[in-house]
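Here it is, the structure, as structure tokens.
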Amino acid sequence: MIEISPMIEIDGVQKWFGARQVLHDCSTVVAAGEVVVVCGPSGSGKSTLVKCVNGLEPFQGGHIRVDGISVGARGTDLPRLRTRVGMVFQSFDLYPHMSVLDNVSLAQIHVLKRGRAEARSRSEALLARVGLADKISARPAQLSGGQQQRVCIARALAMDPAAMLFDEPTSALDPEMVQEVLEVMQALAAGGMTMMVVTHEMGFARRVADRAVFMDHGRILEDTPIGEFFAGARTERARQFLAKVLTH
Amino acid sequence: MDDFDWAVILRSAGFLGHGLALSALLVAVASLGGLGLGTGLALVRLVAPRGVGAIVAGYVAVLRSVPLILVLFWFYFLLPIATGRPVSALGSALTAFVLFEAAFYCEIVRAGIAGVPQGQRLAAMATGLRGWQALRLVILPQAARAMVPVLLNQVILVFQDTSLVYVVSLRDFLTTANIVATRDGRPLEMYGTVAVTYLVLCLGGTLLIRLRSA
Amino acid sequence: MNYRWDWSVLWREPYGGWLLSGLGWTLAVTLGSFVVALAVGLPMGIAGRLPSRATRAVASVYVGLFRSVPPLVQLFLWYFVIPDLLPDAAGMWVKRDMPYPELTTASVAIGLFAAARVAEQVRAGLLAVEQRLLPVALASGLRPLQAFRLILLPLGLRRVIGPLTGEALVTMKLSSLSLAIGVLELTAQSRHIENETFQGFEAFTAATILYLVIGLGLTAVMGVIARRAR
């Protein structure tokens, strides 16, 4: 029996927005080096769950541990924790008043306390890795959506995280730019990064993911290895979803 | 209209010039002081606990709901008593203006900060930046850029507000014109000069701001 | 702090009477000015968005002019200068026979300044509706003037009632300017009481509270009008 070290442990998580319960008893584990895809209809709570993992959303019940650190515990220093797990958002949100280089270097300098020169050289290396070495002095407004999102990935990687969270990273992109971002994510996965990806890109899921988690109405209905998920999901709801998503 | 007396304008140009200089001083202090205090109040409302924030909100609400003339009278009367020493009309007027305009600048700054997209804050925090770091490095720079036209416009409004020091007999531009108009019996020439000067400065300023933001 | 408190000064005669009289004059000037502001500002604002370059120019000039000169300066112009510039008969009437001369002059002067502000609010409201609905209206075959009359105007005016509440409050604050031409409104009376009794704290607090009350009252009244208009 191989010892799997869990990187992200989600255990019985409950969350309410006011009187409305949006997460019901959600439990799953992402092992180190695993790529887990979270899918489901809109409103199913997938984004909310992922935002609970790095404490951007509070939750009222259950536990979440990232790299051994409890996310919900009182004494946890959330900003410190967020240097262990990076996040890429649907709306990119690069800082418009800074160059691409400064975007990637900002948190390195102010959170990790790296020197300017060191931060710069690491940023340049990361930007080269995502294929944007020639854009370091550009402003976000001068880049396409796909380019901006790749900078966001570099910005998250700059913190040397142990895991990466993706919240529908390609949903706001023009179709022809989705591929360039998925390729970067695929390379990241191949390099052994632990990833939790909320996405509708089923092709990407089939090629890259190890497991699929299917959510509906705030509950995890399926949590299966990727091959099994596509071959024949166990629940009716998941099968319906897959049928609709895969036909176009 | 035939006996429009240009001479009186020329004669009193120096006197009016002194008045305009005082108006300029009032605008400068009121705008800078108001912006500084107003920004401070806005930040307090952003980060302070409920009670303190409510007090600031109350202060801003009251000052925005009463006439400036009343505020001028308030401080003219209150400062000597509060400090136990005589306070000049200029001193009380400057204090009144700074505290009054701060309420308006506070609201402008709050709106500017709220206007920065929510995603910016989340993105900053996701990389481990703390609240105040995100504010200083990501939110405020963007808010400041967006606010510049509104802030400049407020300066023009402050400039117009300074004409009210007439009621405490401070010799600003309008009051000096009023003195000459009454003394020499030339209201048309004097108030006309004042009106045209304000028109050129304020309208010109407004157009410049619009050009800059275009 | 060296101060002798005496709140009874507020209801002792004649001071209590002065406050109430001041309150009355403040309300009178506010109402008079707001009526002028709406009567001139609404048409001016509409003119600012009519599909006609000429009317838009007129509106722009009006707003630019009346917003760039401080209201106190405008008040002095109306009170000290304009009566002498009017043709003889009119000038004589204004100076001798016009009823409530200070109130009327203040209402006209403050009202025309406030009208420029109202015009801007109306224009902004119309512009917002226009950006949303004009393409749709024109695409359905309506001509610009028809689109303006049937769709933009009704919707634009409805969304302007909220901002107009703000303008009513601004007009209330501007009413204090009338003290410069001798109207014994609320601020003037509170100063008068302070001069006579040295009880400035009490007098100015009373004025402050009364202004807050008037403001709340105005907001409530405008709220009722807004609901009726829906």
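The letters A, B and C name the chains in turn, as written, and every chain counts its residues from 1.
Everything below uses one rule, namely that contacts are C-beta pairs under 8 Å (C-beta built on N, C-alpha and C of every residue); 3 or more make two chains touch, one makes a residue touch a chain.
This structure is a prediction, so every number in the text was calculated from the model and none was measured.
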Chain whose Cα centroid lies at the greatest distance from that of chain B: A
Chain occupying the most central position, where position means C-alpha average: B
Whole-Å gap between the CA centroids of chain B and chain C: 21
Centre distance in Å when chain A and chain B are each reduced to the mean of their C-alpha atoms: 48
Rounded Å distance between chain A and chain C, as computed from the means of their C-alpha atoms: 55
Chain A residues touching chain B - in the complex, by the definition given at the top: 54, 56, 79-80, 82-83, 86-87, 89, 91, 93-97, 106-107, 110-112, 152, 155-156, 158-159
Chain B-facing residues of chain C, complex: 1-3, 64-65, 67-74, 76-77, 80-81, 84-85, 169, 172-177, 179-180, 187, 190-191, 194, 200-201, 204, 207-208, 211-212, 215
Contacting residues of chain B [partner chain C, same complex]: 1, 62, 65-70, 73-74, 77-78, 81-82, 84, 160-161, 163-164, 166-167, 174, 178, 181, 187-188, 191-192, 194-195, 198-199, 202-203, 206
Chain A contact footprint on chain B (complex, rising order): 117, 119-120, 122-130, 133, 137-138, 141-142, 145
